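Same chain, two partners: subunit A is paired with subunit B first, then with subunit C.
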Partner chain A sequence: MSGPLLLQSLVLGVLLGGLYALLAAGLTLYFGVMRVVMIAHSAFLILAAYLAWFFTRETGLDPLLSLVFTVPLFFGAGVLMQRLLISRLRPATLTMMSVLLTFSIALVIEGTLGFAFSGTHRRIRLPYSGAHFELFGASIAVVKLIGFGLAGFSLVALYLLLKKTRFGQALRATMQHKDAAQLVGINTDRVAGYGFGLGLATAAIGGTALSLDSTIYPSLHWHWIGPLMAVIVVGGLGSVPGAAIAAMALGLGQSLLQIPLGTTWAQTFFYVALFATLMLRPQGFFGGRLAQRF
Partner chain B sequence: MKLSNGLRLGALLSTAALVLTGCLSGNSGQGGGEGGEDPIRIGISLPLTGDFSEPGKGVRRGYEAWAGYVNANGGLLGRQVELTILDDQSNADRVAADYEKLINQDGVDLVFGPFSTRLVVPAAQVAEDYGFLFVEPAGAAEEVFTQGFDNLFYAAPAVANDHYNHLAEEILAMPAGERPETAAYAVMDDPFAQGTAYGLKEKLEAGGVRTVADEVYPPNTTDFGSIAAKIADSNADIMVGGTQYQDAVNLIVSLRQLGYQPDMAAFSTAPTNPEFPKAIGQQTEGIISPTGYTPEADYPSNKEFVDYYTEQNGAPPNEDEANAWTTGQVVAAAVEAAGCADPAPECQGKLIDWLHNNEVDTVVGPLSWDEAGRPQGAHLIQQYVDGEIKIVLPEDTKEADLIHPKPKW
Partner chain C sequence: MASEQPPEAHDEYLLELVDIEAGYGRAALVLRGLTVRVPPASVVCLVGPNGAGKSTVLKVASGMLTPRSGRILVGGKDVTRRGPQRMLDAGLSHVLQGHSVFKEMSVSENVLLGAYTIKDKAEIAERVDFVKGLFPVVADRWSSLAGALSGGQQKQVEFARSLMVSPRVVLLDEPSMGLDPKAAATVFEQVARMRDAGTAVLLVEQNARRGLETADLGCVLDLGRVHISGPAADLLADSSLGELYLGTRRPDPTAPTTTP
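Up next, the complex of A and B:
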């Protein structure tokens, strides 16, 4: 293993970890707010990626500009989805039933994408798709750096929103103890709706970041949901910083393990980490006390 | 009691009627076959739904176009051809049952093969059991030819391992200064994709081109950053991808992001996809790909095929349609030569023997086979030249000169 290759893999791992963190942020939020296992999260990521591709194809503008439309659209869709569908599930069986419900939503999204855009693999052709610069002998691709920047920005914004605003306090109160939150006058239904919308808004950003540097097709979301679930379990369900740290660790680990092990075995790293977490520390390595109750 | 007797009588009568009808239709069927006026019935099972439905439908379009063309031009042995196409749902159990039914119950005169290795093997087994000739349009992986079938013929120019033969010859014939010394391989874990890249690897290694990277990845891989990093680190002179579609596109972009510039880059399948230049843009220049078929190839029957097919379907044919048409041409050549098309073992035996000993001119070029049914050709080598994919090898069919070393991507 040569020095430059090791450094290059480290750089790639960090960039990949950032992307994982962004893609997983919404997932951990849904579970934190209302114990919903959102299988359709990755389908929404692919939907956002398709919208970015479609936007660029129709207008010729940069796909990042599609965020102006997709973020509010996804936030609204998230609120509606929580109020019209998720809130109708019985609280006693919510977690399990939400798997079925969101699974069906994922299928609907996949089918609609296939119907509208066919199964052809698509990729946004960017003038800067191969652009890169050197840093101590390692190449840093511009598109990956943009994805990393979007991840950093979104996660910091999400963290500040949760910690520093009244809405964030209400949301965390709803996460921690719904009944108590209602007693102090929080409209937990509305807060839960907004929380869900926030999760989907991160999917809009994540999907757009994904579309910059990958080839997309309707069934691609099945490849993503497994690793993303592993990220939020290792990170501690419900914890956004936990998910970010876990994503970084797993992204780096995967990237570095590929040097000695090859791609096939490096992919299993996520699942090894998942099993190890469930055996040794089921509440997750970095997360809060929250998950212990479930 | 009376009613019951009536019923009994009715049942008896209808049974008798059924038996009689059966005899009559049996007679007429036989009489027609001997008279030579009945259509030649060809049985086919295709994956019209399920995993292989897209290529399966392509093969159906090719078969239907071939039948339409033959019938519009006087038929085969003066008889019209009639296709019976069943849907095997991409299921290997179904496909065997389908051919069993076509041969046994429907009494077809000939069979054509289904799509893909996984379905070709069980279907060929049924055809072998009944002594039927089995020409198939898809199923290039080595395992098709190692089952001991002597009735099977693959109607395409080359098996997967031979796709790059023309390129291998070209590379090994280069003068010492230009000739690449090292090669990197990135290959999907898939029998077809591996066959193409490792076929070239064997020949290059035997010719002294060193392998400096050899990465195998599972079909669901979407992130190619680390694979690209290893290849870039090896700094190989040439890069060979045993790829399908999205893997090639993602790998190429990842390699560009690392600033890796090989003298030659060859990928299977992906570059011939019309979506490829839309995804890669200007950077396709110089990328090489083997192909089994191109509408531009000037083989004698190809122009008729492209014109007829385009007129019927509104778009030129691609490889699936061409291989189906080729299957029709191969069987038709054997039928014309043997002068028979019926399920009797003598006739089928004659067809099989003829194909083992003769060459057939088709839309993908002249084809001949070894004992196991492997076609004896190689694929054309195409390269992006001035933004368009053109044939560059072999010399006698080329549309443009091979560019080497390739421009930067």
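Up next, the complex of A and C:
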């Protein structure tokens, strides 16, 4: 493998890993707070990408501006979804049932997108779509860099929110010991609702970042959920930093393997990592010590 | 000593659980008309066999479990059917059985979360000083990760957390469980110090003898009712109780029998 090609792959891997990290952070949040496996996370991601595309087509404005609407909208949808649907599930079987419930939500979103926008592949055309610059012989697309910046910014904001605010304290306490959290006066139901909203808000940002650079279609979310689930298992379920580190590692791995294997086979890297983790370290590489810490 | 009598004649009780019936889901009742009263500045210890409903009493008192019938009074005010947040406001703070620190947070974060419902910064600072004075380990390990502390130290962090709201009554569920004898002794000492610092304690203990030695009043629970209650010293001296509930070692040396 030549030097510049390797560098190019590394750069693309890092940029991709950043986006994976943001999306996996949302997934791991649902699991950490509520033990919910959220299959519909990537469907919301694609929904946000469609909304960004639609916003730009209708208004001619930059898709990033759609975040002003989609972030609060998704947050509200997350709170409602938790309060009206997830909280109805019986605690004893919550994790299994949440898979069924969120699977059906994913299908509803996919169907609605197909109905509203048809199955046609869509892509946002921007004045800076083709722009890129060179860095030591590697070419970096501006849209990818914007996506990475957006992911990085959101992750830092999420970290600060969880670490420094009163709500973040309450959320972490709820994740670590729900009964004790209730007994210090935390309204754990409300916290769970906001936690879910926060997770969906990350999907809004991730989807918008994705829309800058990808061709989207209603069933695209199936391509995303597998790798994202693999990321949070490798990272240790419930660990936000674990998910971020695993996302970066797997994103890099995928990018590097694309050269010898091609894009289709490179994708299998996630599943190989998933199986290896389950065999060697089922608690994930950051479960236990790092889990639940931010 | 008569059964079903208030522990002692006091004009005013901090906490009164009157005629409580409670249970989980559709299963049979756990508490069947239980009455317990906690006077100011005292430690009341509930003892009894497994399944007598000791922990359930505390869950009812802290609002984690709503009783089917009966009344809960705090300082004479009816607080029946309130959730945990409002029971906390009323002055009842509950320390759960087993380890319930937030393990992946620091000791300081744990203690300050105890003041989650308090807005006044000055009051919080004052309470922090108070709990640091009462529990030296909290001051010494202020920045450590709570999960890295020993079991006995974690218990003290939980005590400190529960005292941040200046509760009228602290509800302690088996604080000595799983601790080595030395750590358990420290925990009982701390319980007495909490009382001396002005907080009444409703204590549930599997280790009945140590619990009653620390307590002022004792209630023996059986099948969801108070079987016998009275000054803790009297219960300890009662040889028939010793045989039934306090283990084989008898308090009365003159009593005939079993090897010590």
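Basically, the second predicted complex is superposed on the first by the 285 of 294 C-alpha atoms of A that agree within 3 Å, B and C clash if a C-alpha of one lies under 4 Å from a C-alpha of the other, contacts with A are read in each partner's own complex, and residues count from 1 in each chain.
Just so we're on the same page, a contact is a pair of C-beta atoms (placed from the backbone, for glycine too) under 8 Å apart; a residue touches a chain by one contact, two chains touch by 3 or more.
All of these numbers come straight from a predicted model, not from anything done at the bench.
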| item | value |
| --- | --- |
| Most subunit A residues touched (candidates subunit B, subunit C) | B |
| Partner chain in contact with A:A266 - subunit B first, subunit C second, else both or neither | first |
| First (subunit B), second (subunit C), both or neither touched by A:A180 | second |
| Touched partner set for A:P4, first subunit B, second subunit C, both or neither | first |
| Partner chain(s) touched by A:A170 [first = subunit B, second = subunit C, both, neither] | second |
| Touched partner set for A:G60, first subunit B, second subunit C, both or neither | neither |
| First (subunit B), second (subunit C), both or neither touched by A:T215 | first |
| Interface residues of subunit A shared between complexes with subunit B and subunit C | none |
| Residue numbers on subunit A that touch subunit C, as the complex places them | 166, 169-170, 172-173, 176-177, 179-187, 291-293 |
| Subunit B partner contacts - residues on subunit A that touch it in the complex | 2, 4-5, 8-9, 12, 15-16, 119-123, 125, 129-132, 134, 139, 141, 143-144, 213-215, 217, 220, 223, 254-255, 258-259, 262-264, 266-267 |
| Contact set on subunit C toward subunit A in their complex | 62, 64, 84-85, 88-89, 93-94, 96, 100-105, 109, 112-114, 116-117, 158, 161-162, 165 |
| Complex interface listing, subunit B residues touching subunit A | 54, 189, 215-218, 220-223, 225-227, 229-230, 232-233, 245-246, 249-250, 253-254, 256-259, 275, 278-281, 283, 409 |
